[in-house]
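Listed next: structures, encoded as structure tokens.
In the two assemblies presented below, chain A is common to both, partnered first by chain B and then by chain C.
So, the complex of A and B:
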């Protein structure tokens, strides 16, 4: 652990969209406060690192991990393509560097376990970047549910999807099966499944269907069951504009969170038409940027030994286990506009059977 | 699948279906070309040799076309994109040794309410009140000029109201119906020159390979003559409306507040193009402001619905479309392309309703499934 008064040297591994949009502002603020110093920027595309170098001119730039001196930084933020997370994280942990690994922490449970093993034998910490856990709204929802405010949970529906994909992905690998290892489930789904389990406890996947036909899924539907026996669905899409609402219903009431809303949600009680629009008065974050800042502050505090990690690797792996479970029982989503020949070919390419969900 | 075809506009509504039909149906080896990495989101369902290049970048296009026998230009967009993309695309195709370019124009080059007797030989009006029509007509003229000097064969298709999964015509109606802002003119009795997307893709396939059609333009449509009420009634019924009682509304230009402006922008092509320039967070904010809290028993996939507007207003485009009294003929396409619609209007409606359920609309099929 670093001494409390020492500035923590940070290496940013991967300088794509999430690094540019969210980590850079947070790191600048922390650097201005003297809490950290950005010491290294790594990206195989020199232009990506150069963009961030303007904000952190003292940082050393590199294209590959071996080009960076291991003693040069204390904390690495791994924000590279999904398929690189495990190898880079393990390499860094073995060199004694602590890691904040962006979600998904890995693309397989085996890799995630290897990461945890590497963290357990070395001095470095391993935190997972699940930024939605730092939203005041999601924290308050967790609190309400833990208190049993809604009574017995009877059902839930989580949906998140947009008709056009406007995340400024810097790499084509984002849509490559080989590099991304998954589509909307691996990406948005990590957040959705993490919140689902964080709020409602462990779930079991009953049925999973997606529309991958040789590539990665743009749509998926998961039917799952809580330990209490209640069931619900998670619908995700990079193709359709969905309601973008996470709704939980219980015997005493309901709550609904609009996906991405940092500090707002709604709830109501059974037999009442009234809706409460809640705005938690947690001043830690009111937007995405501040939530990333909160996340980094927690990791830095954990490095200094003054706080516990809020999302340690042991919690990050739960979502990966669910995703792997989903892919294992994959079936082709029913797409009623395809003709019989297309469905047959789609099923071959999907590798699964035809799903019963959204029956034709 | 020996025929390799480059597809511009592959991530759009029509492009997506072309990819599905060509790839899954084994009709051609399709190479999707998109303008941005993000546009690959839907296409990445398939393992395809996709490329990222801007249609206005001739060099980029030329690289994307390498090894392709034919090119389909199915790019949607604002009038400037429509006009400015054709020249670099044609020249790139020429440079890359492409044999034929199939350009998706629009029946709107004849106006939204074409005069009786209109067919492919009718002169294109240069100064129509809707910029989209003029841009499509301009693009056709430019392409014909390029063909006169270039080696790449040119075939132009002029589809009417293209329907099907992801069609703006049906999706928008469903949203407006749920929001209580749907309207029509003349009780929907105007002719809808419909074309189910699979029929269009079939026509494209024929246009890529049919001999002796260089330089020709073709109107293509469904076999049936249908009205706007025929198009909308099945959607309304699928969403639980026994009968459609819609106000008859004409086009009245008016000013509105920011939410009304946001909604009206969604209704027009230029509006959607402008909306795409607004930062995502601002759009999400506007969308959130337009989104009421769902009732406890709402469909899990219900689309966010704006509150009902007291005075729906017809767009200029819709007010003209609702006045259409002429079924555009596809005689020429039948004769020269061998075109025959492969999906009936009724079956097309059924498949589209299936997609509405897939995409989160509270259709009866969806409700039944949820129970």
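So, the complex of A and C:
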């Protein structure tokens, strides 16, 4: 633990899109406040680190983890490609460095468990970057659900997808089966499944289908069941405009959240047409960038021993277990636009299974 | 005497024929010395003498030495009894009631006050209406500095017997303890406060009395109830125990209500306290106590899961 007043030295491991768009503004604000000092920037592509170096000129730059002195920083933000998360996090934890690992914490449950083991034997903390948990809207929805305001939960539908994919991925690894280990499920799906379980408790996957035929999926559909027995579905896409709504229905009312909306959700009553546009009184963040700041503040406070980690590694692994479970029972999404020959090839590439579910 | 269940104190009748004062002003106290002097002064300023009024402080094993204040201010006029250990509110009340020997008992917490004219007006009410078992006056809420915050509702325009007292008192807790006077024989018959209720024990008691006796009302605000963070009410809001026990009190007294109207009265009481719990939730949010606010909201829904309560909860937690 760092002393209350000491500046925490931060290393940014991976200087791609998420680091540039979201971590950089938050780190600049914290550095200006004297709370942290960005001490290291690591990326195998020198140009990526150099872009951030303009904002943090005192930081040491490196291309490989072994090139950085382990005593040089207290907290590492691991924002590298998914497949590197586990190895880098374990190496850092074993060197006594605390880690905030971007989602997904790992691409397999075995790796995630190894990360947790490494954190348990060393002095460092392991936090998982699930930024949507810092949105005032998602937090308030969790409280409203925990209060039982919807009565008995009867169903849920989560959908998220855009017709054009616009994430400015810095490396091709994002689309590589070998490096990313998955597509939309491993990316947006981590958030969706995390919120689903954070809000409604443990779920069981009943059926999973996607459109991957040897590569990574751009579309997927998960049918799942809550512990209370109610069922629902999660539909995700990288190339199809969906409703982008997370809706939970209960015997007394319903809640609906526009995916990505930081500080607003809708509440409806089962027995009336009244719909309430609700903005949480918790004003800790009003946009995506401020939510990253809230996330970093929590990790820093935990390092100083003044707060509990809001997303410890033990919570991050739950989503990875679900994703692994989904891929284990993967079937090919029904795609009526394919002809018989293409379907046969699709089956062949997907292990022979073809689901009855249809991509919408 | 009715058969008094074990969770209610038995209040033993006094020897018949023994000389008795009209009043017993019983002052239960626990670690509230900063207010006790004001409380005692408020009674002593109206003191009709020992033949008419018995005044006693019953100390629930305080650590702030109320005996010194009693000795300094009472100068022998105010008796003092110290519990051998801390008994808790309802058991200390039971001690007060059993030690009271006046015909009318006024329980005045060591942080509350009787305002000028209290004993005169209330004596007259009992004289004019001999059938009443208890009577209460309006009260003012005061803060820790004695500043007036609000005045309770006007139940009747003039002093007299309160119509529909049982229904009115069961729908909402309208009586703060310092505003209530009860004949000792009523406690002897019905038993004392229910010790399963660390909060709302007074409400259950007043409803039980109203179920058996007419109740008088005095429109003058002659009592002061102090609100402060360490008051019984203040202490129990952060975990919503105040509302949990209020719910328990309703469950207990619904059996005293007339069968034809009990259901409706209970529903109204539950709606009233659901909305009250939401107000406590708002207050906890103002104190930046989210877990306390959520506990209050949870209690609100346990009282009554109505669209109105739900909408109020949403309004408390969101800008909607």
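The working rule: the second predicted complex is superposed on the first by the 357 of 360 C-alpha atoms of A that agree within 3 Å, B and C clash if a C-alpha of one lies under 4 Å from a C-alpha of the other, contacts with A are read in each partner's own complex, and residues count from 1 in each chain.
Here, contacts are C-beta pairs under 8 Å (C-beta built on N, C-alpha and C of every residue); 3 or more make two chains touch, one makes a residue touch a chain.
Remember, it's a predicted structure, so these values are computed and weren't measured experimentally.
Asks: Check the residue A:46 against both partner chains and state whether it touches chain B (first), chain C (second), both, or neither.
Replies: neither
Asks: Please tell me which partner, chain B or chain C, touches more residues of chain A.
Replies: Of chain B and chain C, more residues of chain A lie in contact with B.
Asks: Go through the superposed model and pick first if A:168 touches only chain B, second if only chain C, both, or neither.
Replies: first
Asks: Could you tell me if A:206 is touching chain B, chain C, both of them or neither one (first, second, both, neither)?
Replies: neither
Asks: According to the stated criteria, A:260 is in contact with first (chain B), second (chain C), both, or neither; which is it?
Replies: first
Asks: Does chain B (first) or chain C (second) touch A:278, or do both, or does neither?
Replies: After superposing on A, A:278 lies in contact with chain C but is clear of chain B.
Asks: Between chain B and chain C, whom does A:228 touch in the aligned arrangement: first, second, both, or neither?
Replies: After superposition on chain A, A:228 lies in contact with neither partner.
Asks: Please work out whether A:6 is in contact with chain B alone, chain C alone, both, or neither, and reply first, second, both or neither.
Replies: A:6: touches no partner chain.
Asks: Which chain A residues contact chain B in one complex and chain C in the other?
Replies: In chain A, residues 277 are touched by chain B and also by chain C.
Asks: Can you list the residues on chain A that touch chain B in the complex?
Replies: 157, 159, 161, 164-172, 174-177, 183, 211-219, 233, 235, 237-245, 247, 249, 254, 256, 258, 260-261, 266, 268, 270, 275, 277, 333-339, 341-342, 345-346, 349, 357-360
Asks: Given the complex with chain A, which residues does chain B contribute to the contact?
Replies: Those residues of chain B that touch chain A are 17, 20-21, 24-26, 37-48, 52, 164-165, 198, 276, 280, 284, 288, 291, 293-294, 296, 300-304, 350-355, 357-360, 366, 369.
Asks: For chain A, which residues are in contact with chain C within the complex?
Replies: 140, 143-144, 146-149, 151, 252-253, 267, 269, 271-272, 276-282
Asks: Which residues of chain C touch chain A in their complex?
Replies: Against chain A, the touching part of chain C is residues 285, 290, 294, 297-298, 301, 305, 307, 310-311, 313-314, 317-320.
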